[in-house]
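Letters A, B, C, D, E and F mark the chains in the order given here, with residues in each chain numbered from 1 onward.
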Amino acid sequence: MLIPYFVRRVIHLALEEDIGSCDLTTELIVSESQKSVALIISKGNYVVAGLPFVNEVFRLAGQGTELGIFLNDGSMVEKGDIIAEVSGLTRTLLSSERVALNILQRLSGIATLTHQYVQKVKDLKVKIVDTRKTTPCLRYMEKYAVRTGGGSNHRFGLDDGILIKNNHIKAAGGITAAIRAAKKVHHLAKIEVEVENLNDLREALSSGADVVMLDNMSVEDMREAVEVAKGVAIIEASGNITIERVRDIAETGVDLISVGALTHSTPAADISMKIVE
Amino acid sequence: MLIPYFVRRVIHLALEEDIGSCDLTTELIVSESQKSVALIISKGNYVVAGLPFVNEVFRLAGQGTELGIFLNDGSMVEKGDIIAEVSGLTRTLLSSERVALNILQRLSGIATLTHQYVQKVKDLKVKIVDTRKTTPCLRYMEKYAVRTGGGSNHRFGLDDGILIKNNHIKAAGGITAAIRAAKKVHHLAKIEVEVENLNDLREALSSGADVVMLDNMSVEDMREAVEVAKGVAIIEASGNITIERVRDIAETGVDLISVGALTHSTPAADISMKIVE
Amino acid sequence: MLIPYFVRRVIHLALEEDIGSCDLTTELIVSESQKSVALIISKGNYVVAGLPFVNEVFRLAGQGTELGIFLNDGSMVEKGDIIAEVSGLTRTLLSSERVALNILQRLSGIATLTHQYVQKVKDLKVKIVDTRKTTPCLRYMEKYAVRTGGGSNHRFGLDDGILIKNNHIKAAGGITAAIRAAKKVHHLAKIEVEVENLNDLREALSSGADVVMLDNMSVEDMREAVEVAKGVAIIEASGNITIERVRDIAETGVDLISVGALTHSTPAADISMKIVE
Amino acid sequence: MLIPYFVRRVIHLALEEDIGSCDLTTELIVSESQKSVALIISKGNYVVAGLPFVNEVFRLAGQGTELGIFLNDGSMVEKGDIIAEVSGLTRTLLSSERVALNILQRLSGIATLTHQYVQKVKDLKVKIVDTRKTTPCLRYMEKYAVRTGGGSNHRFGLDDGILIKNNHIKAAGGITAAIRAAKKVHHLAKIEVEVENLNDLREALSSGADVVMLDNMSVEDMREAVEVAKGVAIIEASGNITIERVRDIAETGVDLISVGALTHSTPAADISMKIVE
Amino acid sequence: MLIPYFVRRVIHLALEEDIGSCDLTTELIVSESQKSVALIISKGNYVVAGLPFVNEVFRLAGQGTELGIFLNDGSMVEKGDIIAEVSGLTRTLLSSERVALNILQRLSGIATLTHQYVQKVKDLKVKIVDTRKTTPCLRYMEKYAVRTGGGSNHRFGLDDGILIKNNHIKAAGGITAAIRAAKKVHHLAKIEVEVENLNDLREALSSGADVVMLDNMSVEDMREAVEVAKGVAIIEASGNITIERVRDIAETGVDLISVGALTHSTPAADISMKIVE
Amino acid sequence: MLIPYFVRRVIHLALEEDIGSCDLTTELIVSESQKSVALIISKGNYVVAGLPFVNEVFRLAGQGTELGIFLNDGSMVEKGDIIAEVSGLTRTLLSSERVALNILQRLSGIATLTHQYVQKVKDLKVKIVDTRKTTPCLRYMEKYAVRTGGGSNHRFGLDDGILIKNNHIKAAGGITAAIRAAKKVHHLAKIEVEVENLNDLREALSSGADVVMLDNMSVEDMREAVEVAKGVAIIEASGNITIERVRDIAETGVDLISVGALTHSTPAADISMKIVE
């Protein structure tokens, strides 16, 4: 079930937000029965992501609209490539164009950026993962785009994994106290702890952390942390991971590198829709 | 500020998306009655935007949470500045932190970028305006951020203004036909038409367009277009407006410059929350 | 898109309101598989309006119901005329009959009344327009009925046009102050101001109002107002516009006449549904 | 008064419908912190109805708005009477004025019309009752207005009473068959049957109808019907009950007279809101 | 209309509750296009109830799933009997299995228990009825299961019948006062009163109660109550009705016996789903 | 306790389901302003569970209702014990009584039954856990009741843990294939596999299962399974776990015992509400 309920509700809201009471321009200019074909065209070099959601936009916007996909999600496209063709009532195409493109542009931007990170470390065993720094309401779609670009996903939300961060440690009165409390979690969950230095790391490991997140450490510290933790816990590097630094970090031997920028500061892909008949 | 229903629904969904069935980590580690105070701190130089929405996040997340604002929306902050203080149940603070920050980071990013564009042209009469290339479901908040950064707003949606774009012209069979049909609009709306060259511009003006959008024209063509249209219609420049080009375009004498990048490719501001007691 | 989301939600609620947990009578008396054909018949002389919404009622109430339309919206019908035929499961027809008729009766009543106003002034250039004095939740449908009856629409809501009324002027401290503030609106909107006398009118015009609404003026004052404002602003007459007065007012030369009674005090058309087989 | 969920949802939708993304005029002209007091004033002679719903409108529209009621629901008001005073943020007052008044005007119109019917028969034991010909989504409020005007309520919906109408009889193959099937209803419900002549009436009574509805009968036939049915079943008169005919019908001795016009064709009361400080 | 809106919303929520953001296991293990056939098999002796709701679960969970019913609701099944076959996308079958079974198991449990009560008294005229002690949100479905097991329904909710209970009598200041106030109800409703002893019963009858509920009385007292009330009011026995006592109570001559245990303490039927190809 | 959105929505629906358009009896009998105090009293021996949800019911039902808790969740109560006191508008108390009690009775029933299982094995290290065989829409509340009774929770839904069941293995073509596919899950999740015999168990372990569920095995087979799997994987016993068998199963040395009956076949606790003033 690729498009679960939540996504449908979000797409619904997005159409409601954009169309409001009616698409004034289109209703005045285009007759009810007119039909058209439009092409969705790339205006740059990207990894495409989001076509199932685009399909859902057109499906929700009006009956009888058909999306013919020429280049599947995950394809590398160049300027001028035709990604898909959409046909149906002209009014529906015009009224839903912007929402469809806003989603496709954002998700393709994310897939493209993820792909660039993944390429930098593709010969290593490390995984590039996302964070919860996603756009409000679009997390499911954005995490799909990260996978499309070759990345992996971290937690979907606060309910599907334990991650003890600095504020939790502060509230609990220390790493050991926090881990001990978290051990009451159901038996299918592992416990991850954020650590800022090697002392924290050692405390986390001796308290039984399954995963450690090295937060904003220098490459040198990470190397030492890997020596300490390898084989005992899964190791995630996090904090200010730029495309320039990602290779160095990966080479320390960490298992995962989480990159907030994949979703919080992504340039949109430039993709447009053009009516052709 | 009155938070409109739509925005409240979006914030609700965002909390639902992030928290899901429950915040596992927090419920295990933090007792029900524990209270905390946390600071919201800038980690860079930005124009702050979004505090009323942050307030709404905390309000919806749990009763009794209080947001004390130190630096209002529109303030210029530097690294280390404390923007606000939030106090209440520790569980509520921790469970809603990410949604609050995701919104504040995005909106402050938009206000900051808008401010940079506005600064480039501040001695001219031109307005920097946004587009409909906003994040799905966040348009109202993002347009607020644009205003906070000193910009102005274009249409909120397809229902509050007539803008005849290329695809409409194609569907209508020409500029004149499209404008004629649009004239049936209610008496409070003006009609804007997208034109790609000077011929189109002349046709639009002679058909009675109130506003013309010069789409992707060279600076030279824009200058000529302004000569033709000034005083007859309001003139908007659009398409690929980079921070480098914005001054040159402004100097052609156009009335408005619309910049999609304000909202579709904005780097998030780096802002964090830290429990202090 | 004739039936946008909002309308669908309203029709949904109306069915929920009428049917509640179940249609007791029908479930007890009619078997699940029984099918019927029913006719929708006019019992008076009207302009029909609302069939697309009636269709939506039957569509939402149960699958497989078909509405065959004999006389389209906008048709003049007489007593005994068959407007449409609906066929499907007998249970669905009976359970949704009342909601369907309540909508059709109200909208046809509005179209009929609008038609009467429009006929009085059909040789003049003036437009008959509606107001926001519509039935809560039914505005979109009622404005459709006004158009069907030959009228035009004023604003759909507070978000698609600027109309400065007395209470705004009072709150702003005067007409000029109010107009000045409103000028910050986006460039696609015109500014309309309500005036009660010729002094107000002159102040509004000199402050740059695009449209003036003459509120509850005598025909003589309106005539003078038209002399002052013609060519400078669009002129709307408003307030207590009865069918008896509409012609006189129109002859003053105003551009628009807005009539609250079109929607707030309309007698419902008498239309019934009869199972025939 | 407890406002049921359904009503709250309807008022919510009505505000959403009217305000949309924002109240453009008010946000531009009135500052966020400005406060005002407004009076709700009658401009004619009416029975007031709807103040609890008006209160709910203001409550939902914004925090801190207070409604001070001077003349309770059910009061007779004259032109110029002040019904209530509302104070709070000016923006909230202006943005919710129209929805509040649309509800108050409609409900006061209904209470006033009901009162006129009730006065005609006040010395008799007959009850004036409403029908399901109410405005879609407003039934609960409109039935409240009928009670406020001195009338009584018929069914709220299809789920709280059995009423076998012509179309049911047609579908069931006869009055006796229909009543027999309906007898399976739960033990708290009575069974009402619509009859068009004295033969139908006798069949309904001998099949055990608890209530009979005399549909569109002449006064003479009704008189005869009352003789037949009095003491055996409750008798309701229905169909084309005008204010002119209601007394004659009442004098036949029927128990109930149901009047669709109370809600489907009611002129709105003229009530306005005026900011005074 | 067997599946009204409310039920659909509840099934929707149940799927949302169980599936959350995604069915992790299934999405990882089963390909998107794989199809399967599964059997729904009884593992004990039951009266089947709930197949229309199971059908709705699969319909809402994904398009193209087909439910082939072998043994209709109301059938008596034995261990090993195949109740139905469901075919479609494997992912949909697996992701919705639990919700479908949870509903079918509960409703079949209720139908089976109801059947046991009904069998005990099948040669008498008494009806076995349910109460409002149903599972929150599942009332409509559970009352359907009671009917499927041969029982009858009491009120669906607080809006479709008058039942004056002890707390109402306490609040009203006595039985007579309560009944008098309730007489203002619409003419299609009867009035039921809960009584705890013969004195209460006599007061209720002389105040005009249509139905009396004998609450937690001994069999002897009930016998005497029947003598007093028979022919004057409908008589319902209620309170701690076990399968052992039901026959004795029925033989007192009461008209209805209401059994909370039918829905509040029902053992679920053991029914499973097995993929066969 | 933070009441998550989902739970709030469910309680909302439950009130809507029970109250419908209005509480007829209460509105007729009790005046708007009357206030009362009521006691919530146990009529048997139970572990109380659900008071925070009862509080939410009263909070949602009407403003100003206060719940004073005398015996917290987890308390053992006897017949006659006063659990809580609720005060507020009489109408609100009466209209929300049934929903409040339905929840409290069900959850206390679950806590009580869980407590009985837990007592049987309290000196062993094994955990009693629940399943997904919960009441549709009430899972969060029911899992809370299980914890209140001393049990632990299994997965909340399909999105927060991997559990490969027979149908998954059938669809994947074998245990090894299924586990291999599941290994792509995010790094915070463990993988659990259902096995029916010792061969399956060995295959699951050698494929890297983190947890194994012994499904419907004999006590002897479980003992052998524990010998094979102890130290390699967490071991869960499941399938037909009665209160009589739970001790024997626990003594085999399994880590977890999951009991569907805790939630799918629980007798409701007998708890009532009585107005005292």
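The criterion applied here is as follows: a residue touches a chain if its C-beta (ideal position, glycine included) is under 8 Å from a C-beta of that chain, and two chains touch if they have at least 3 such contacts.
Since the structure is predicted, the reported quantities are computational estimates derived from the model, not experimental observations.
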For B-F, which listed pair, A-B, B-E or D-F, repeats its interface with over half of the contact pairs the same?
D-F
Tell me which chain's centre, taken as the mean of its C-alpha atoms, is farthest from subunit B.
E
Same or different interface residues for subunit A and subunit E, judged by whether over half of the residue numbers are used by both?
different
Between subunit D and subunit A, distance of the C-alpha-averaged centres to the nearest whole Å
53
Averaged over CA atoms, how far is the centre of subunit C from the centre of subunit D? Could you give it in whole Å?
21
On a C-alpha centroid basis, what's the spacing between subunit C and subunit E, in Å?
45
Per-residue overlap in subunit A, given as positions that touch at least 2 other chains:
6, 16-17, 19-23, 95, 140, 156-157, 159-163, 184, 189
Quick check of your reading of the touch definition: is the inter-chain graph here a line, ring, star, complete or other?
complete
Of all residues in subunit F, which touch subunit C in the complex?
20-21
Listed in rising order, the residues of subunit B that touch subunit C in the complex are 129, 152-156, 159-163, 186-190, 192, 210-211, 234, 236, 255-256
In the complex of these two chains, what residues of subunit C are touching subunit A?
1-2, 4-6, 140, 156-157, 159-160
Subunit B-touching residues of subunit A, taken from the complex the two chains share
6, 9-11, 13-14, 16-26, 28-30, 34, 36, 38, 90, 93-95, 97-99, 102-103, 105-106, 109, 132-140, 156-168, 170-172, 178, 181-182, 184-185, 189, 264-268, 273-275
Contact footprint of subunit E on subunit C as seen in their complex:
12, 15-16, 19-23, 27, 32, 61-62, 91-92, 95
